[in-house]
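Below: one structure in structure tokens.
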Amino acid sequence: MSSKSYDDMEFAKLDTDRELRQNVAEVVFCEGKEDEHLVKIFRRLYEQNGQVLGTRASAHQYDLVKEIIPEVEYDETSRILKVEKEKELIGNIAIVTAGTADIKVAEEAAQTAEFLGAKVNRIFDVGVSGIHRLLDKEDEIREANVVIAIAGMEGALASVIAGLVKNPVIAVPTSVGYGASFEGLSALLTMINSCANGVTVVNIDNGYGAAYSAVQINRLAVKGAD
Amino acid sequence: MSSKSYDDMEFAKLDTDRELRQNVAEVVFCEGKEDEHLVKIFRRLYEQNGQVLGTRASAHQYDLVKEIIPEVEYDETSRILKVEKEKELIGNIAIVTAGTADIKVAEEAAQTAEFLGAKVNRIFDVGVSGIHRLLDKEDEIREANVVIAIAGMEGALASVIAGLVKNPVIAVPTSVGYGASFEGLSALLTMINSCANGVTVVNIDNGYGAAYSAVQINRLAVKGAD
Amino acid sequence: MSSKSYDDMEFAKLDTDRELRQNVAEVVFCEGKEDEHLVKIFRRLYEQNGQVLGTRASAHQYDLVKEIIPEVEYDETSRILKVEKEKELIGNIAIVTAGTADIKVAEEAAQTAEFLGAKVNRIFDVGVSGIHRLLDKEDEIREANVVIAIAGMEGALASVIAGLVKNPVIAVPTSVGYGASFEGLSALLTMINSCANGVTVVNIDNGYGAAYSAVQINRLAVKGAD
Amino acid sequence: MSSKSYDDMEFAKLDTDRELRQNVAEVVFCEGKEDEHLVKIFRRLYEQNGQVLGTRASAHQYDLVKEIIPEVEYDETSRILKVEKEKELIGNIAIVTAGTADIKVAEEAAQTAEFLGAKVNRIFDVGVSGIHRLLDKEDEIREANVVIAIAGMEGALASVIAGLVKNPVIAVPTSVGYGASFEGLSALLTMINSCANGVTVVNIDNGYGAAYSAVQINRLAVKGAD
Amino acid sequence: MSSKSYDDMEFAKLDTDRELRQNVAEVVFCEGKEDEHLVKIFRRLYEQNGQVLGTRASAHQYDLVKEIIPEVEYDETSRILKVEKEKELIGNIAIVTAGTADIKVAEEAAQTAEFLGAKVNRIFDVGVSGIHRLLDKEDEIREANVVIAIAGMEGALASVIAGLVKNPVIAVPTSVGYGASFEGLSALLTMINSCANGVTVVNIDNGYGAAYSAVQINRLAVKGAD
Amino acid sequence: MSSKSYDDMEFAKLDTDRELRQNVAEVVFCEGKEDEHLVKIFRRLYEQNGQVLGTRASAHQYDLVKEIIPEVEYDETSRILKVEKEKELIGNIAIVTAGTADIKVAEEAAQTAEFLGAKVNRIFDVGVSGIHRLLDKEDEIREANVVIAIAGMEGALASVIAGLVKNPVIAVPTSVGYGASFEGLSALLTMINSCANGVTVVNIDNGYGAAYSAVQINRLAVKGAD
Amino acid sequence: MSSKSYDDMEFAKLDTDRELRQNVAEVVFCEGKEDEHLVKIFRRLYEQNGQVLGTRASAHQYDLVKEIIPEVEYDETSRILKVEKEKELIGNIAIVTAGTADIKVAEEAAQTAEFLGAKVNRIFDVGVSGIHRLLDKEDEIREANVVIAIAGMEGALASVIAGLVKNPVIAVPTSVGYGASFEGLSALLTMINSCANGVTVVNIDNGYGAAYSAVQINRLAVKGAD
Amino acid sequence: MSSKSYDDMEFAKLDTDRELRQNVAEVVFCEGKEDEHLVKIFRRLYEQNGQVLGTRASAHQYDLVKEIIPEVEYDETSRILKVEKEKELIGNIAIVTAGTADIKVAEEAAQTAEFLGAKVNRIFDVGVSGIHRLLDKEDEIREANVVIAIAGMEGALASVIAGLVKNPVIAVPTSVGYGASFEGLSALLTMINSCANGVTVVNIDNGYGAAYSAVQINRLAVKGAD
């Protein structure tokens, strides 16, 4: 077990071996982290990797990290806080949303995927109640190695797309909606029950998680199994 | 209140005034009725109206009623038990299903609508995971005064159809599915959260209820308000 | 497919064809839209149609839009933000509420219906626990081409009304209540399980959606199928 | 504590003091009891009180008990198994149902109430979708000391009745319905959320429990506090 | 039906006949009422009855009403806003709580019951985890004509009390608790499933509703049926 | 990792090291096992340990195993199938039930605990609605090193007991009940929300699991930490 | 739209174009299909493709199909009914189960994957409560292009595996369990909330769906994007 | 019953006998207590015991209590407010968390356990998605008399630990997570369904309750039954 190592920071145990094992550096889920812990983790990961990605960061956390890493960037829409090394992007991940309110989740997915080295094609506001808007993008979507379908409310987008493409579709339910949308639960159930082949699902609003899986698939498509 | 009358059978109070008030004769929900009660109710309504419609009837109930009303007909798929007067059918109600397993509910809706005097156009197995099958029927569906969209599993059919037509869509979730379909609850939530304009929803597997509302709308479209 | 067109604004795809296909102009769901997007969408729709209807708008959004469209009007109760062309109202939609707290939803429905060209009859605070108040309005309600029944808490209003009228009833559960009302879920379940014929249901607090479907039915009743 | 006594049968501890403390003899919930236990408990209570009431009994259990207590009676509808001493019935409990399928629960309530000494007025099949049938019974219902309102599906009956009477209403949701009735849960929620004053609720299908509370109230009304 | 009258205030229909029919004056549920409406309703009821009871009132609403009715009183714990005529209190209602955090709901119940003319005995903080504290009050509780049992968290109080007394118990689940208490749902389920005879249940935190039913029972016990 | 060994049977991996690590032999959850697999696993464990305990076994499975292990015993109430070596029982585990219908779960717990070497004290039918029956057993219950409290319906037993004793209480919700008991969910919620100190909870009907944990605690109490 | 074709069988619309678009032939979900329909669909697909795969088939359906396609094979464990052409299997999909009761779902996944051309490595009964059994298989699991992790009860398997591998993990919750497992819902929630990177989820017991997505990924890994 | 005494403070009944009966002094659940009540309870308990422990305290409550008990200490992370007598800590309780966000709950548990006299070993951030971090701590965890396993999101930690140790594991689900974590419900379900032996569960975020039970077990392990 000696080849499995990690960095014990007392309050956190950073998985320094993760890049080897999983081909990606550690990413920080910022929400709920205490200020002091967040800053220390960012500094440590930045020193180790020259880059670092934080998700669900607040403006306040941006201010904190900027003090020690002035080059850190923050995007309010996606709530991503990052320092990113330049890199060549490979493959093709299509990120498709049903509405404009789903863009927040879509940008979390898109910027995560780009950080992890994938080329992203953003296709927004093509929900199923205006099916011809979606069909106009059919060819573009079919070119992707993997599609991330993001929708709230009734979440039907993933089923329609999966019927159009031959590659995997990762569905992300969003908390967009009101009343019986139950903050994304209805969309989650819709997607889990998809009648179409080739749909798998992640947690509500989990753009990051969808991107991570999509990057794994995209890398396999471009580089094959190693 | 003298103009509101009903027929008190002790165990049941038949609404003999209903046809005047609602333009339809009483329909019998057969499931759970005791044998003796069912037979009496069927006989009474048949004598009053010359026709009678029973929903959710069992083969056993068919046998019982046939003894006293030999001309009664039973359809196993829709579980409808009826004696029907010849009548002219008016208007156009499209009944659309996502899959073949939804046909049971669709036939309950279709035969109810026909019993209540509406012309029906059946369009089956055009679920959203093969969207082009649905789009091939777009013109037919647009011609209807009202559309009944029937789907289980993820129930996305209603949203897509409502985006294509200008007339009302009544969505019927079905209990078709397994696992997290929760016997129709997921489809119900999908439909209630529809992002499309013009969708209203009835109870799970309630083909009868959808037909009833559709017939009301179809009559308004053909005859106008009286 | 060339006859299906839309206006691609990058972050949103406005369905310019919708009026042709569905007889209504695009309506804007304001909640959650980013300021810049909202303003652009309002301007575009106003330019195209000479009128525009926003639902679930905030006072802040009113201020924003007023800067570019000074004639825009805002109603705090219904949260409707609109510029409306004068038009002749047709038909008769009855909008009935159980309590005074349901008026917010009722006004969203009423003003939407009027914007879309229907005549509305408002009948408020006639819940079933004082059944004689409702029965005093029976004749008025029976005259409508379609009834919108709005109720929170136990939501029993729709069933009682549907038993009184011959035209369709659209039920709107509201989030009025506390404890086991579960923010409208209980009322939604009551309405979906209605024992009365002719009830269909929309999402919790969805006054807009109920009005949209009611307008479709009202138009069919007045103008017939085209 | 010496005044609190019970009869220890090893597998069960019969509360022989209950009649003193609560004015009623022990009643047996038969469902799920093992044959041998059931027979012993029936015999013991019969010996002690000269009467015994079993609820939710099966035909098989009837056969078992009849062997040792030949005078025992069984009613299939209510599933009540009893030997009953003659007694004078006092007061007035109205038992009202929405539909005919609710009669099973209503009879459990009615026969329990009669066993416990109350006079019962049965008023069946007066659900809210035909409100005039209910209103025709208004005077009768108002005469009761307490009303038991029994309804499945959307369960709106209790609210309407409570608005008509000045005495307490006990609501019993039933498992009658299908789809989103969730075996009585929807009716339970409706009743718990009643907008009317004076409604309290018992468990789904719990006719026995409603009768027990109603008998307590009826006795207070007739005899006053002792 | 001419003997059923109400006062039509346009936005609200006050049931002026209610006292005749139900022996109590109208009570105002203040939460969510618009300022202008609230003030008008309070004034009208005060003029008609010389007293008025508001539940779930805010401090802000107190300020508003005080301007037009200077003698109005407000209690922050129970959130009751009232002008009360002196009256003789009759009978005996025991109001029992499991913990100190349930006192808010208990005071709503107690002050409502007193307003409606009942004598109240407050017994607080005798939850089942310290059963001997409850048993010390057994005699006092047994003297009541009706008991209101108020508990959050696991809500077991009602079952234990119902086993000790011969009169009715009305259970009020409260939203006190955290985690899997689901804001009172767990306590509600506990109480609805009570294994004890004589328990009926009202909505979560509904002290008012429990008091209303208790007053009905208490009056029957003292005055008998009229 | 060489000290962690198991027995690979292809379809199952028996944890032969478990006794060392956890002080108990492998137990078999029989329900759902295929006939051939069950027989092989029983034989293997019997050969290794000279005893074997199966839970949730059917009569059919008893017949199968008896063919190869004639000395196997089966108890219909607890559904336990076992061959048991004689052993000295230590300590004191009290197993308390609310009703007689909970005895099935209690016997699963009791026989498991005895198989694993603990002395058991069975105290049945002392539910909280007859609190004096429970209090009569207070001294006996206080003597136990750990108490297993088993109850369905409203599940209040655990809270009352935990208030009486100083040692740990393990609560087992049972599926006994109907309607809103939701097959044990209500009892589970009651127990998880217990207001008493010292209550932990296992899955619905999980007598085995409660016994396992109780045996661990009982052993610590008798033998101390090793 | 001419390039999108399907075979209209009146009651079903077979997607003959599916192989082109999605690289797989049509698969039949047998459960709930009427006998006559099932036989016709099997014959048609067999004629078109020389092979056909049915999932969730019953023994009765096997008998029916065998009459017209004598070479059809049926596996009771997986409930798969198929005629399969010989083919070369490519890549590496690891199918891992927590327990032996999950094997039914695992075999549905495994045989589907093999039918669709993928090489499968079955690793069963390595649940997380005996973590060393799982770790012994770590190297084997890491070699797969994609892992299907199948578990009921608490469903923790997917998170542990995803922490060990660099390729995608598809999690399948199963309905194995009892009580608060809610027929797979608990396992589904566990998996959707996985704290590990690279987990996506399909419906409860949906071995087929997991296999389909896994085959898509496996093909990308072996053949790259085409 | 004379040996059971308590201190009646009118609004609260402090169980002064509790230390005798349960070996611990009264602890105060601060959340929701009114200021005046809280201060009085703190003073009374401090006078009686020379120490007092408050859980879920706010900074505001700290200020209040400090005025009358200047030596009181407050910890923001755990929200514990206490005056603690020096004492010798005994035994060994391991408190293990899956992530850093679970530390809040872990500290409530740890400081409670220490207050009640137990030695605590804190092992944080060893969640199952990095299983080797957990296995590195295996020996330490095995040394504990009882383990408290704290995890949000998917809550798999308890099952893995229970498979590694021979002593009891108390699982605490936390509300850490988002979307379908449903504020701890998913973690609760995971833990209740644990496939591992020896896991019992407390309420979401209930660090205090877990510590209390753990202290009972730890004392039994060190001192045996008394």
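Note that the chains are named A, B, C, D, E, F, G and H in the order they appear, and that numbering of residues resets to 1 at the start of each chain.
The rule is simple: contacts are C-beta pairs under 8 Å (C-beta built on N, C-alpha and C of every residue); 3 or more make two chains touch, one makes a residue touch a chain.
Since this is a predicted model, take the numbers as computed values, not measurements.
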Smallest count of steps, each to a touching chain, taking chain A to chain E: 2
Shortest path length from chain C to chain H (each step joins two touching chains): 2
Same vs different contact residues, chain A with chain C, by half of numbers used: different
Chain pair with the higher count of C-beta pairs in contact (D-F, B-C): B-C
Inter-chain centre distance, chain F versus chain G - centres from mean C-alpha coordinates, in Å: 36
Distance between chain centroids, defined by C-alpha means - chain D, chain E (Å): 26
Rounded Å distance, chain E centre to chain F centre (Cα mean): 44
Chain centre separation (chain D, chain G; CA means) in Å: 51
For chain E, residues that touch 2 or more chains besides their own: 130, 135, 164, 179-181, 185, 188, 192-193, 197, 203
Set of all touching chain pairs, with the criterion as stated earlier: A-B, A-C, A-G, A-H, B-C, B-D, B-G, C-D, C-E, D-E, D-F, E-F, E-H, F-G, F-H, G-H
Touching residues on chain A, where the partner in the complex is chain G: 21-24, 27, 91-92, 145, 164-168, 170, 188, 192-193, 197-203, 209-210, 212-213, 216-217, 220-222, 224-225
Chain D residues within the chain C interface of the complex: 98-99, 127-131, 135, 153-156, 159-160, 162-164, 177, 179-182, 185-187, 189-197
Touching residues on chain D, where the partner in the complex is chain B: 100-101, 103, 124-126, 130, 132-133, 135-136, 176, 178-181
Residue ranges of chain B in contact with chain D within the complex: 1, 4, 6, 11-13, 15, 31-33, 37, 173, 175, 183-185, 188, 203-206
